[in-house]
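Listed below are the structures to be examined.
Two complexes follow with subunit A in common, the first pairing it with subunit B and the second with subunit C.
Our next item is the complex of A and B:
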């Protein structure tokens, strides 16, 4: 399967397409589709056909949203693609990937601890994964723009 | 008197905390190991002992100051961190350095790869109880540090990268000196590689310990030598071809064994590749202008935009996401994902079914870098009082 065919898998779910510098294909999707996208990637490519590189959460305070980017690297071509989704800022909840992709553990735990995005179904989420307890006890998520940190 | 009663002692798993001080390397991480006798049944990785908040710090400082902040994420791989961040800025600004600067950048990163790989191989020798080898490798590592000093002006923290260039150029004399060091080093590295291949103690302790299959490596998002030793061909140098990697010939080293020994051997082979690359760069250094840009003429305004750059650090794929909103001098968001972050946090399954004595060996074979991994939140909250320390005060070293 060549890269174009692999990208076709993602295009079916995409609301919008663009390019992130330098030359990374970006697909904006509905949050409810994220898990289904990864399920179909596993089904079509297998666990050895890609890896989840990073989860980047960004607080977009002015738009009242939290943006979540999943960076996936397709193997063996090493083509990086971005799956982008937006969550409401008050109640950012998304389905966890941990049971299908164990490599999501690090990214999900970090994003929860620093930004407060809840990954539904991840039993390892905890405050204090990175953030010191004196801050996490106050319920502050440091990377939110209005956290005051 | 005969035995009247037999008391059965139930087999309970014992909890053995390894760390947070010095689990294998002198860095704070805790492996909570549950052992049944000598056999490890479960491992929990506890983090958060060393969190410095660099991502938040980057949001509070200007784009140019952040180059120095990200260099301090990790001492041993400061050039790759700065390079990755600087290239993200170059993408946002749409500027490119000249070829000479690109070659020099690659040289500094490859020298760093050599000394980092030598360090972890030396530590591995120490962990298995081979202290003489540790001393020998560290002695030769000093030569590489010297070469890096000749190139960048500093042994460790170089601050070599600048937007659209590097901070120092080299002349003929320096070029010959670095080349001489690399040529001398090559025979030494070949010897150490042979020791790792043939020495009975090392082979006994490393072979078949902490084996990772191909599918496990990708599903757990492992990167770098850890993935390459399991046959996964991930190397951002080869795929992204950033800086001068499109012009310099090199091979991506992979092995199929997937155990601790294979990971160390991948590192030795990569050092040999890096030496070859270094010599190639010094022989073919282009002279298409001054690689050092004039700092005063660099653009001051950053247009809105975002960039995601990858670099092959010593421990694997390192990524930076930088976003500029175009309104301020500071980046809106900087996200650093270091290779150790994936490699350590997701590695708990590797220890299971090995003995307690193998735990440090496996941890060392991952080449963990805790300072790389923990770096996100800047907070100084004492007794409920929020205290912010400005950069000026920090840089004055506490002096008023």
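Our next item is the complex of A and C:
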């Protein structure tokens, strides 16, 4: 299976696609599809055919959204693609990947601790994972633009 | 009193001849860590001063701290310092370890290493060159010979 075929798997789910920078393709998807995308990646490529590099969350206060980027690297070509989704700022909830991709642990725990994105089904989410306890005890998510820290 | 002074002098002499370093990153960007590692390579040959890396914190004489001290790392830094045998000295390497640097106002940063442990020598730079780090260590050793360093972490 060559890269184009692998990317075709993602294109089927994509609302829109573009290019972040050369050799970095971007696929914008619905939040409810994210888990299904990774399930189909595992099914088609196997656990050795790709890896989840990191999860990046960004607070878009003006648009009242939280942007989630899943950076996925296709192996063995080392083709990096970004799966992007948007969550509502008031209630950012998305399905966890931790039971199918254990490597998502750090990314999900970090995004929860810093931005308050809840990954449904992740039993390890807790405040104070990275954030110092004096900040997390106040219920502040420091990477939110209006957190005031 | 005399005995105490003598014991301290002996301790300082032992450290002066072969200071063993422990390197601890309290939240650095890795720039200073790279320079600390570079300064212990044969190119700069720190073993002419007897400087080498200690296998364990409990064998260490000098704690080399790099990076702004985050609130989470502050506990660990204090715990490491408490485990070192006496006499012990702390060297703060880089602008961040001195006073927090550009991160000093961050919600997760305490400040410099001196907020948590007594610091003997500050080495400025972002990052400092390996020569500067070795120069700082030699200055500390010179100060030990002159007995100018006040806080050895014990008395």
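The rule is short, and it goes like this: the second predicted complex is superposed on the first by the 148 of 149 C-alpha atoms of A that agree within 3 Å, B and C clash if a C-alpha of one lies under 4 Å from a C-alpha of the other, contacts with A are read in each partner's own complex, and residues count from 1 in each chain.
Throughout what follows, contacts are C-beta pairs under 8 Å (C-beta built on N, C-alpha and C of every residue); 3 or more make two chains touch, one makes a residue touch a chain.
These numbers were taken from a predicted model, which means no experiment stands behind them.
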Clash or fit (per the criteria above) of subunit B with subunit C on subunit A: clash
First, second, both or neither for A:54, with subunit B first and subunit C second: first
Partner chain(s) touched by A:105 [first = subunit B, second = subunit C, both, neither]: first
Touching partner for A:29 - first (subunit B), second (subunit C), both, neither: neither
Which superposed partner A:10 touches (first subunit B, second subunit C, both, neither): neither
Which superposed partner A:131 touches (first subunit B, second subunit C, both, neither): both
Which superposed partner A:75 touches (first subunit B, second subunit C, both, neither): first
More subunit A residues in contact - subunit B or subunit C: B
Touched partner set for A:149, first subunit B, second subunit C, both or neither: both
Partner chain in contact with A:41 - subunit B first, subunit C second, else both or neither: neither
4-12, 40-48 or 58-66: stretch of subunit C that collides with subunit B: 40-48
Footprint overlap on subunit A, where subunit B in one structure and subunit C in the other make contact: 130-132, 134-135, 142, 149
Partner subunit A, residues of subunit C touching it in the complex: 70-72, 107-108
Residue ranges of subunit A touching subunit C (in the complex, touch as defined): 130-135, 142, 149
Subunit A residues within the subunit B interface of the complex: 20-22, 24, 46-54, 56, 58, 69, 71, 73, 75-80, 82, 101-107, 109-110, 114, 128-132, 134-135, 142-143, 148-149
Subunit B residues touching subunit A - in the complex, by the definition given at the top: 47-48, 51, 53, 55-56, 91-92, 214-215, 218-223, 232-236, 238-240, 305-310, 317, 319, 321, 323, 332-333, 335, 337, 341-342, 345-346, 349, 374, 376-379, 381, 386
